[in-house]
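The following blocks contain the structures, represented as structure tokens.
What follows is a pair of complexes built around chain A, which joins chain B in one and chain C in the other.
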Partner chain A sequence: MGGVINAVIQPEPPGLMLAQIQNGPTQMVSGNIFEGLLRYSPKLEPLPELAESWSASEDAKTYTFKLRKGVTWHDGKPFTSADVLFSIEMLKQTHARARNNLAQVDKVEAPDDYTVVFTLKQPFGPFLGIFEVGSMPMVPKHLYEGTDWKTNAYNNAPIGTGPFMFKEWQKGSFIRLVKNPNYYEKGKPYIDEIYWQIIPDAAARSVAYETGKVDVLPGGSVENFDVPRLSKLKDTCVTGAGWEFFSPLAWLWLNNRQGPLADKRVRQAIMYAIDRDFAKDVIWNGLGKVATGPSASTIKYYTSDVPKYPYDPAKAKALLKEAGYKGEKIRLLPLAYGETWQRWGEAVKQNLQDVGMNIETIATDVAGGNQKIGDWDYDIAFTYLYQYGDPALGVGRNYVSSAIAKGQVFNNVEGYSNPEIDKLFADGAVATPDSKRKEIYEKAQKILVEDVPVAWMLELQFPTIMRCKVKNLITTGIGVNDGFKDAWLDK
Partner chain B sequence: MLSFVAQRVVKGVIVLLAIVVLNFFLIRLAPGDPAVVMAGEAGASDQVFVKQLREKFGLDKPLPEQLFIYVKGVVALDLGFSFRQQAPVAKLIGERLPATLLLTLTAFAISLMLGVLFGTFAARFAGTFLDTAITVFALIFYAMPIFWVALMGILLFSVTMDWLPSFGYETVGANLTGFAHAVDVAKHLIMPAMTLGLFFMATYTRMTRASMLEVKRLDFVKTARAKGLSDAVIQRRHVLRNALLPVVTLAGVHAGTLIGGAVITETVFAWPGIGRLMYDALLQRDYNLLLGVFVTCSIMVLIFNLITDLVYRLVDPRIEFAS
Partner chain C sequence: MKQFWKSMLRSPSGVIGLIILVLAISVAVFGPMLFPNSPWRMVQRPFLPPFTLSTVPLGTDALGRDVFAGMIFGARVSLLVGLVSTLVALVVGVPIGAMAGYFGGKTDDALMRFTEFFQTIPSFALAIVLVAILQPSIYSIVASIAVVSWPPVARLVRGEVLSLRTREYVQAAVVTGQSNTWIILREILPNALSPVIVLASLMVATAILLESSLAFLGLGDPNLISWGYMVGAGRTVIRQAWWITVFPGVAILISVLGLNLIGEGLNDALNPRLSREGR
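Take a look at the complex of A and B:
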């Protein structure tokens, strides 16, 4: 046991204080420093982490968590229920997703040091799905209470309860984590140190792996067209697992408000016009899966029993004609996330031109693109979003009319408004039992697929490439984001 | 000379303030909102969150007020706070500046020395095979984009031959000290410095050659030759010295802009310098950090311009400091 793992982190995280910064790279590094109350299996069943057991009341309105005893922060102070209460208060102010997730919580109490009781305003179906480290990281009360959180010195040298401790960050070069010798799971972690290497250029990241300088390329670290080549290298193992909790789904925002796209038939024509199998097989090198609707097949209550949109240019043309489309100009915003996305933008443009649509590509960087989308100044725009395991957490936000708010991205920017859908998502979040939720969400999926508020493209797969000697890195549905706890090196 | 320097410094400060104001508005002209970028990265962009961020950045204040706050800070030598990186801008720049200076000054020294050397040779042996060879190579290096040279260098020297490291400033985790550390850094420096230096070297080669050939035709060279001076003395003392003036001008301009030019090199080779800091800050619309880097670069340009003017005087004593 022991040893050092060199992994790539891309891009360099802005900071490591997970309670205040929630972008992907921050979570990937800090998910080993901080912990949540629960983890999730690849099937998204809750697993113990800082909570060793939990139970729900009959009416599904009270949840009791029993905390693990003998857990200490990296500075030696004990972790107790007071930390949980403090973390929740802090997260409500600093963590937008946690605030939304906690909206149904009426009160949180700690009857003793190792028990936390959540009382909900009404039953909330996905409640047990909101406790993973990125969604609800535990923060040390003794270091943050009464301080200015934004400028607290521990933001730059974070203290958590996790299997690894922060050691060093050479900005622009690497972040170094070392083993927590007092970790509560005896014997773990097995690895002594993790170096997260910061290499900004995608080709240089591939070379770093090829030349043996790094051992792990987490999903999304290299361009997709490099994946097949790197996968074939000696002693290299590849897995697409570890993204089940996030379930990234790619789609095209379609601006439902104005122009030809306000007509449902034009939006349906777009679904028929785009060769999504080509995108999967050629642009994404066979990785991923063609999406059937608003839910990825990996999240709860998914159904494939929805209207289908196979690649059918003739049908697309017929629908466009029926809708009276006369070649009005349509602006397409590709996603500035690198070469793969650029190529995808080209392919979609070609598909749409083939059925007679007049497409103009607008080139922007990510910040510029986000502003255009947030200001509704677009016709078609690429995006991909995480779904967080449950339609109430990661699907509804893109389709309910209460999520239409100008100036923001990742909500209902397409401007789709359907009272029936609003009601279904409102009911689905609080319905019991599970079978009732299933029924509601299946109905919602059918309606949405018929209406095509956005054009669903692919369930993305971000393969993790690593040396085969790295074992057990991906054991949960959160993957590399909290995975180094169980990882070990085969010598 | 002192009054000359003092005058230039005062002018420099005025130029700097103008640059700050101009950049302040230019950055904000680009579409993209730092609050929305950060909210987007957080995977949640509800109204409360974006509003909170705007207040935190001071972006909710009117633009003239934002400018006033920023300029007041700069005058007091405070470059502000990067909310994205949760650290003072001056600290972030200070951490990265040494690596960039090491890279750019090495590249600059290599390019200037080799450029002048090759240019002199080419002029001395004008019309011969050596001249053609130097000119052709210079043209090739001048024409190749930096990122391509960098990638080819990595392919050849790292992947194929395994001679040089492909990325970074030092071997991570090796914990080397003293001489061993210096050697390690030098190994990491070779490829990025050569990549960045080759382009400029090509420029100086061509410039030196052209300039020397021009000076060679002038009357005073004929006179020197008539006086019976040796060819080496004529080349070194009369031709080269006069031919260097345009090269010095060009080098002065280049030296100031090398920091900006290092963006691509630093990105490809994962060199932890200020160029990359600037690039990231731009993509993330980290206004304070971006302005801070611009101010730093502007100061560099002003300093190098001043040095250029002083060097002029050394190269050609006929030039006087106008006061």
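Take a look at the complex of A and C:
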């Protein structure tokens, strides 16, 4: 046991205080330092972390969590229910998604040091899915209470309960974490140190792996076309696991408000016109899965029993003709996230031109693209979003009319508005039991796929590439973001 | 004129350059007629090596697009951008230089400070900033290349005009009371033209390189294929597929070389002393 793991972190995180910053790289590094009450299996069943056990009342409105005893913060102070209450208060102010997730919570109480009771306003189906470390990290009350959270010195050297402790951060070079010797799970973690190497250039990251400078390339840290080449290297293992909780789904925003795309038949034509298998096989090197609708197949209540849109240019042409499309210009915004997305934009443009659509690509950077999308100043735009395991947490926000708000990027920017869908998502969030929710969400999926408010492309897969000697790196549905506490090195 | 062609054809570099340019222009003009398909179309399996299939002689790129078709359509964009932006630069630079040189004094000071203002900013950096601000499109690219390439023209023309305006035939024109415009256009500029023509041929080459560099950095017009774009898009896969970058790279090299050779030939032909002595 023991040893050092070198992993790539891309891009360099803006900070490590997970309760205040939720960027992807922050979650990945800080998932080792902080912990949540629960973690989730690849099937998204809750697993104990800081909470040892939990139970729900008969009416599904009261949840009682029993906390683990003998847990200490990295500075030696004990972790208790007071920290949980404080963390929730802080997150409601600093963490937009946590605030949303906690909207149904009426009150949180701590009858004793190791018990926390949540009382809900009404039953909330996905409630047990909101306790993962990135969604609800626990922060130390004794270091933050009564201070200015934004300027607290511990933001730069965070103190958590996790298996690894923050040691140093050489900006532009590496972040170093060391083993927490007092970790509550005896014997863990097995690794002594983690170096998160910061390498800005994609080609240089591949080289760093080949030369042995790093052992782990988390998903998305090298370009897709390098994945097959690196996978074939000696002693290299690849896994697509560890993204089940996030289930990134890529789609094209279609502006439902104006122009030809306001016509459902044109939107359906776009689904038929785009060769999504080509995108998967060629652009994503066979990684991922063609999406069938608004839910990724890995999240709850997914159904494949929806209208299908195979690649069928002839049908697309017929639909366009039927809709009376006469070659009006349509603007396409690709996603400025690098080569893969650029190539994808070019392929989709070609697909749409092949069926007679007049497409003009608009080149932007990430910020410019976000602004255009948020201002509804686009016709077609690429995006991908996380789904967080439950349609109430990660799907509804993109289709219900109450989520239409100009200036924001990740809500219902397509402007789709359907009272029936609004009602289904409102009911689905609070319905009990599970079979009822399933019924509601399956119905919603069918309606949405028929209406094509956005054009669903692929369930993305970000494979993690690592040396085979790194064992047990990914054990949960949260993957690399869940920390390296189970990982060990084979000698 | 006859004399000009004679001496031009006597210079071997000029001949080679002319041949290359004529070839490139005919590819740009007639090529797309032979390849009616869009160069963006995915025609074969991706990463097909060159010389394996006669339908895609130079292989395919990361999406299975025909590299040869891309080269042909790219010629059109590269040459067009090179020529048009040089023309624009001349239209801006020549009058400014001529006025500065002819009128001298405060006009000269003002115009030259203005020119120096552009010359002090590294031209490629300025071009990147301009294209990024204006959003990449064929128009913004031509405009920004023109903006960064007119100052040398203005300086050159000013120098020529400064020396010519003291000549006797110019002074004679002044004495006979001809207007300034007339003198500049009819007496001075025609005699200052030869170095400008040489410079222009080199500017076209530089403009092609600038456009390629912009496209390489992802600042090309996203709706048009160009050699620089092809090199930029192929760069990341160069270890798997060298041909995607090498062929358009060679195309850039050859056309820029051709234009430089023409410049040299023009220099020989237009400089009477050099051409008559046969060096």
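Following the convention adopted for this analysis, the second predicted complex is superposed on the first by the 490 of 491 C-alpha atoms of A that agree within 3 Å, B and C clash if a C-alpha of one lies under 4 Å from a C-alpha of the other, contacts with A are read in each partner's own complex, and residues count from 1 in each chain.
As a convention for this text, contacts are C-beta pairs under 8 Å (C-beta built on N, C-alpha and C of every residue); 3 or more make two chains touch, one makes a residue touch a chain.
Everything numeric in this text was worked out from a predicted model, so none of it was measured.
Partners chain B and chain C, once the complexes are superposed on chain A, both fit on it without clashing. In the superposed model, A:349 lies in contact with chain C only, and not with chain B. Touched residues of chain A were counted for both chain B and chain C, and B has more of them.
Once chain A of one complex is fitted onto chain A of the other, the partner contacts of A:1 are absent, as it touches neither chain B nor chain C. With both structures placed on the common chain, the touch criterion links A:203 to chain B and to chain C.
Of the two partner chains placed by the overlay, only chain C lies in contact with A:283; chain B stays clear of it. When the two complexes are overlaid on their common chain A, residue A:468 makes contact with neither chain B nor chain C. In the overlay built on the shared chain, the residue A:339 is in contact with chain C alone; chain B does not reach it.
When the two structures are aligned on the shared chain, A:156 is found in touch with chain B, with no touch to chain C.
Of the two partner chains placed by the overlay, chain B and chain C both lie in contact with A:364.
In the composite built from the two structures, the nearest CA pair linking chain B and chain C is 6 Å apart.
Across the two superposed structures, the residue set of chain A contacted by chain B and also by chain C is 203, 364-365.
Residues of chain A that touch chain B in their complex: 4, 6, 11-12, 14-15, 17, 21-24, 95-97, 99-100, 150-151, 155-156, 170-174, 176, 193, 195, 197-201, 203-204, 207-208, 210-211, 213, 364-368, 370-372, 374, 385-386, 405, 407-411. Against chain A, the residues of chain B that register as touching in their complex are 30-34, 36-37, 39-50, 56, 83-87, 92, 95-96, 99, 151, 154-155, 158-159, 162, 165-170, 172-173, 267-273, 276-277, 279-280, 283-285.
Per the touch definition, chain C reaches chain A in the complex via residues 38, 40-42, 46, 62-64, 132, 135-137, 218-219, 221-223, 233, 236-237, 239-240. For chain A in complex with chain C, the residues that touch the partner chain are 202-203, 223, 225, 229, 278, 282-283, 334, 339, 342-343, 345-347, 349-350, 353-354, 360-365.
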